[in-house]
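After this come two complexes, each holding chain A, first together with chain B and then together with chain C.
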Partner chain A sequence: MKLRRIKAMAVKEILQIWRDPRSLMIALLLPFTQMFLFGYGVNLDLKHIPICTFDREGSQLSQDLFKHFEASQYFAIAHNVQSYAALKAAIDKADCSLGVVVPPDFSERLNDAHAASVQAILDASDDNSANIAFGYASAVVSGYSNDIQLSQIDRQGRTLAQIQPMVVQSRVWFNEDLESRNFIIPGLIAVIMALVGAQLTSLTISREWERGTMELLISTPVQPGEVMFGKLIPYLALSWLDAAFCLVIAAFWFGVPYRGTVIALFLTTTLFLFVVLSIGYLLSVLIRSQVGASQIALVVTMMPTVLLSGYIFPIDQMPAFIQDITYLMYSRYYVTILKSLFLKGTGIVDLSAPILFLLAYAFAVVVLAARAFHKRLA
Partner chain B sequence: MTDVAAAPQIVVENLGKRFGRFVAVDGVSFRVGRGEIMGFLGPNGAGKSTIIRILCGLLRPSAGRALVAGVDVTKDPERVRERIGYMSQKFSLYRDLSVEENLKFFGGIYRVPRAELAERMRFAIDMAGLGGREKALVSTLAGGWQQRLALGCAVLHRPPILFLDEPTSGVEPTSRRRFWDLIHTLAADGVTVLVSTHYMDEAEYCHRAALINQGRLVAIGSPDELKRTALGGELLLLECANLGPTLAALQQAPGVLDCSVFGNALHVLVADADNALRELPAFLERQGLFPSRLERIRPSLEDVFVRLIAVDTARRRAAA
Partner chain C sequence: MFARIIPIVIKEFLQLRRDKSARFLLIVPPILQMLLFGYAATYEVYHVSTAVLDLDHSLESRELLSRFTSSTRFNVVKVAQSQREITETIDRSDATVALVVQAGFAELLRKGRSAPLQVIVDGTNSNTALIALGYVNTIAAGFAQDYAADLAQRTLGVKGMNEAHVTIEQRPWFNPDLNGQWFFVPGLIGTLTLIIIVNLTAFAIVREREVGTLEQVMVSPIRPVELIIGKTVPFFLVGLGEVALIVAVGILWFQVPFVGNPLVLLLGTSLFLLSTLALGLLISTLCSTQQQAFSTNFFVLNPFFILSGFSFPISSMPKVLQWMTYVNPLRYYLVVIRGTFLKGVGLDVLWPQLGAMAAIALVLLATSILRFRKSLE
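Right, the complex of A and B next:
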């Protein structure tokens, strides 16, 4: 391999990128729009769930309970209704996703038997949100129930410790505020880099075939490896820039804490970029059409990265055979690395397993891509 | 100037190429000497481009062997590629790069010594007549200029052998003329040139021309040789008032091998010109036809090629 030829290829490629609005758009605009779209659009936190109250008693205690709902950041009272029919209508119209019904004998039963019940009616068409809303609602009710108990214990002149022998003291690590954004955005960077990296290189070889420049190029003494590195280097530089954009947006705009070292991030990102850039290049060599190669690149990079990398959907909860498939997914390792670097600040040594996997993967794809290119027309 | 035997730069022996069941090249053999301009002529799809692509190492031959600069193109295509310059049929420089950027790119790919590169680029730009347009994007240049730049890129690394595949197609006549002057200048410096064209008249510019039809070599020789021998007869020019009936009558006439319309006259191929000049007027008169002019002419290469291709195609059809 000759440096002179690699340099000539790289310079030519840079000039072409600079003069081709399509490549530049993919390279510069896509990461921004994706970062903001997904950064804001994908949010698993439920807050201010609209609820509908149906107070069949109208007592001091029932109003107190609703005040507890109102005070919680998870709920917002959207409607007060006076009949089951109205409640049903509100849920049907999706004005609220939770109805809270206080029975007519609420205060009475609370004072006599200490066993009053509150009815929750949930819109479970989105079962996940319904489950979460129910959990929050139970917490609000049991919180209120605790308050009542406390005041009764107080009146009897005892303390809480005497009746509650065990209390859980929880401490949340790594994502202290339990913000889903902190968990999603590091993985999102992997999704965007997979998308952009493979898209860019999927166009390079197919463009030469489509424009007829390949015939002359392969009549020269240029070597397949020189073509590949000459083409990958400019795109690697461009992708580094993109990765830097994404990281800056993640850390400074979205405020995701970054606790790892910059060098670890740089090394692992470079490995990942080698994988995705080479995949795009390989497809471009095999398919020889810009549209075809970029479509396939989308299917083999972004889609599995979204679905199988653990970016949002936890791998432990997938069926066993799909879990096995995820081990073949290069982005799984990079998502693991990114989440660890951002939230835990794990060092390179503790990340050696996913790094080695990525390294092996990068090596394999680069070799495959280099060998796939033949200097023949047919 | 052309010494084929002493220094054959291109040796092709029994070359064959099939694409599936289609035979594109069939048993072609020829040699080209140093400094020689060999023209490839023939109709579209005759196999000219396929042979050139095999010689550049872009296609693998199905049969036979080809040596370029003494190197077997199948065994060591990379060594061949260092010694050749190639202009493909379809324009294949980078249109989104400027004149200078294209030249720099190929200079880098061929590793033209840096000390020489500026001078070589100057040479290519002057040769292509592109002085002052170094910064222009190639896409903004007219066809003739693009082709000359492509030639400039092909000779930048001083290859001893040039393959030019229809370099003048789609180029206006004055530009074509100028292009051939460039080819002659290069050949005079010892560069071996193999150039294909479908313009019959351009064969006159070649030292030797090879006529290719349906994958086979039909005739090869210098333009003079071809005109003297390849026709298999002598040529007469006949002018008359009613071309159609005369053409029909001549096809039945004794001693006439072939007859075709040429402009507003007929070219008549006869076995013996002296006999024909004596007998044809009487023959035509009996049919009520009176040629205004009948004389012996020197055949053009176009006459030769039209005749040879017609004969070859008919022979194949009969064989099949």
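Right, the complex of A and C next:
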């Protein structure tokens, strides 16, 4: 490998990028649009869940309960209905996702048996939202229950300590306010870079084939490895620019806390970008048509990176054989690295496992690409 | 008119029949993606990796922790001996939840004072953390209640709790086990259809333009409208077949119940396919090369996917993005497909969605036909 020839390749590639402003614009704009789209669009925090109340008793106590729901920032009372049919219609139309039903003997039971229950009717067609809404509803009801106990104890002249035998003291680490944005945005950078990076290089070789410049390239003394590095270096610079945009937007626009070191971020990002770009390059060597190459790149990157990298859906909750497949998803390692660097401030030593995986990946792809290139020429 | 349309339809089908790789791409990837993503996309929380530290070593603390050990929601991966070990386990992500019972727990309980169960949660994935915390609270509340009832029985001889309390019972409709696949699999059907059909349409037309066969067609007596109909009818039929295929995977493999009316789904699917076909057509008029079609598709399809409610609740988005979802046919189709699959609702509930899709399809088709004619001239 000669540095001079790599440089010549790189200069040629830079000229080519420069003279195709439309593609260059897409490469530079894409991270921006995607960051804002995903950053704002992907949000799992539920607030003001529309609820539908069905008060079958209409007593002071039942109205108090609904006041508790109204006071919570998680709920907004959208409807008050008087029949099950109306409740069913409201849930069918998705006007509300939670129905709270107070039974007709609510006060009576509370006074006589000291125990009463209300029903939470959940629109479980969205199971996750239903689950979270029920969690919030339980908290509201138990707060209400405590208030009733307190007033009862007040009347009997006893003290508070006797009522709750145990309390849960919970502390949340790393993402103290449990904001979904804080875990989605770091992972998002990995997803965007995987998409953009693979797109950038998946066309470089097939374009030469389609335009007939490949034969010209072969007739020069340039070696396959030199072609590869010469082509990758300009794209590495370009994608670093993209990654820097994304990282700056994440930290300064969305205000995601960054707790790691900058050098760790620089090294891991470079490694990841190299892997992504060389995979795009490998695809473009393997597949001669531009469309074929970029289509495969999209199929390989888009949905799998979103769904299988642990970006949103936790890998440890997937069935075992899907978990095995996720090891092939190179973005999964970078997602882990970014989340650790951003939220936990983990040092580079503790990240050695994902870094080693990425290194192995980079090595394997470079070897495969070099071999595939030889075959193509033969 | 039909005499000229039918040959184009036949030609498209012949082309598809002879193109082995296209047929492969229409059948195998959708099924594979359905299987893969149907399993991968889940927010359900089971077997949360948990570390426990019991510094009390009492009957009560063991009883409390055993309730977590025996729950399917928690999976105790580490029994720590010190606070430091707990910190390390959470730092290294070996456990998501740590439960700590401090010394003196049982004594506080016996004295009738509030005894604390300390919980540390790794909030990195806020969704998992939130749900896991909910389960911790449920189990802890169960323990507290049983303990109080037990105490009341032993000391006062009364059965049950003495204090008034209110509980909440859940009645999850449409999906009684809160099974995540029931939510995602119908969503996947819509998302995959969108991606496949827009790609198929946009590429088929741009390819003809790039190869130059489109000009050959134009010199024949076919009118542009006839050409468009002739080109979209096969894709429409292919799309229907495609939806039938993935719906079958959803029902037969993932066992998602279908309780609604198939005809309502068919109507919704037809309107959805019309709008996606029109979208593909529109993209094809904006692009002169397949390469451009490809990057434009990517630009367009990604927002459609994110802003559809496929997995991220629309109600949690900022207002501006919520408005943008109104022009997204996938948003409406997901309501139709989930409504017919899980809720079994009919036209009386779904007419706004169907109407919206019809309107979108109409506007898109009109625009794309106008543009398409122009791009041919």
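Methods note: the second predicted complex is superposed on the first by the 369 of 378 C-alpha atoms of A that agree within 3 Å, B and C clash if a C-alpha of one lies under 4 Å from a C-alpha of the other, contacts with A are read in each partner's own complex, and residues count from 1 in each chain.
Everything that follows uses one rule, which is that contacts are C-beta pairs under 8 Å (C-beta built on N, C-alpha and C of every residue); 3 or more make two chains touch, one makes a residue touch a chain.
No experiment lies behind these values; they were computed from the predicted model shown.
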Partner chain in contact with A:Val42 - chain B first, chain C second, else both or neither: second
Partner chain in contact with A:Leu110 - chain B first, chain C second, else both or neither: second
Larger contact residue set on chain A - chain B or chain C: C
Which of chain B and chain C A:Leu15 touches, first, second, both or neither: first
Partner chain in contact with A:Phe66 - chain B first, chain C second, else both or neither: neither
First (chain B), second (chain C), both or neither touched by A:Ser180: second
First (chain B), second (chain C), both or neither touched by A:Ile218: first
Touching partner for A:Lys2 - first (chain B), second (chain C), both, neither: first
Contacts on chain A seen with chain B and repeated with chain C across the two complexes: none
Residue numbers on chain A that touch chain B, as the complex places them: 2, 4-5, 7-9, 11-12, 15-16, 19-20, 211-223, 375-378
Chain A residues within the chain C interface of the complex: 22-23, 26, 30, 33-34, 37-38, 40-50, 65, 91-94, 110-111, 113-132, 134-135, 137-139, 141-142, 144-145, 148-149, 152-153, 161-176, 178-180, 182-183, 195, 199, 203, 290-291, 294-295, 298-299, 302-304, 307-308, 312-314, 316-319, 322, 325-326, 339-340, 343-344, 346, 350
Parts of chain C lying in touch with chain A, wherever the complex brings them together: 29, 33, 36-37, 39-47, 49, 64, 90-93, 109, 112-131, 133-134, 136-138, 140-141, 143-144, 147-148, 151, 160-176, 178-180, 182-183, 199, 203, 207, 290-292, 294-295, 298-299, 302-303, 306-307, 311-313, 315-318, 321, 335, 338-339, 342-343, 345, 349
Chain A contact footprint on chain B (complex, rising order): 19, 53, 56-60, 77-78, 81-82, 84, 86-88, 90-97, 101, 104-111, 153
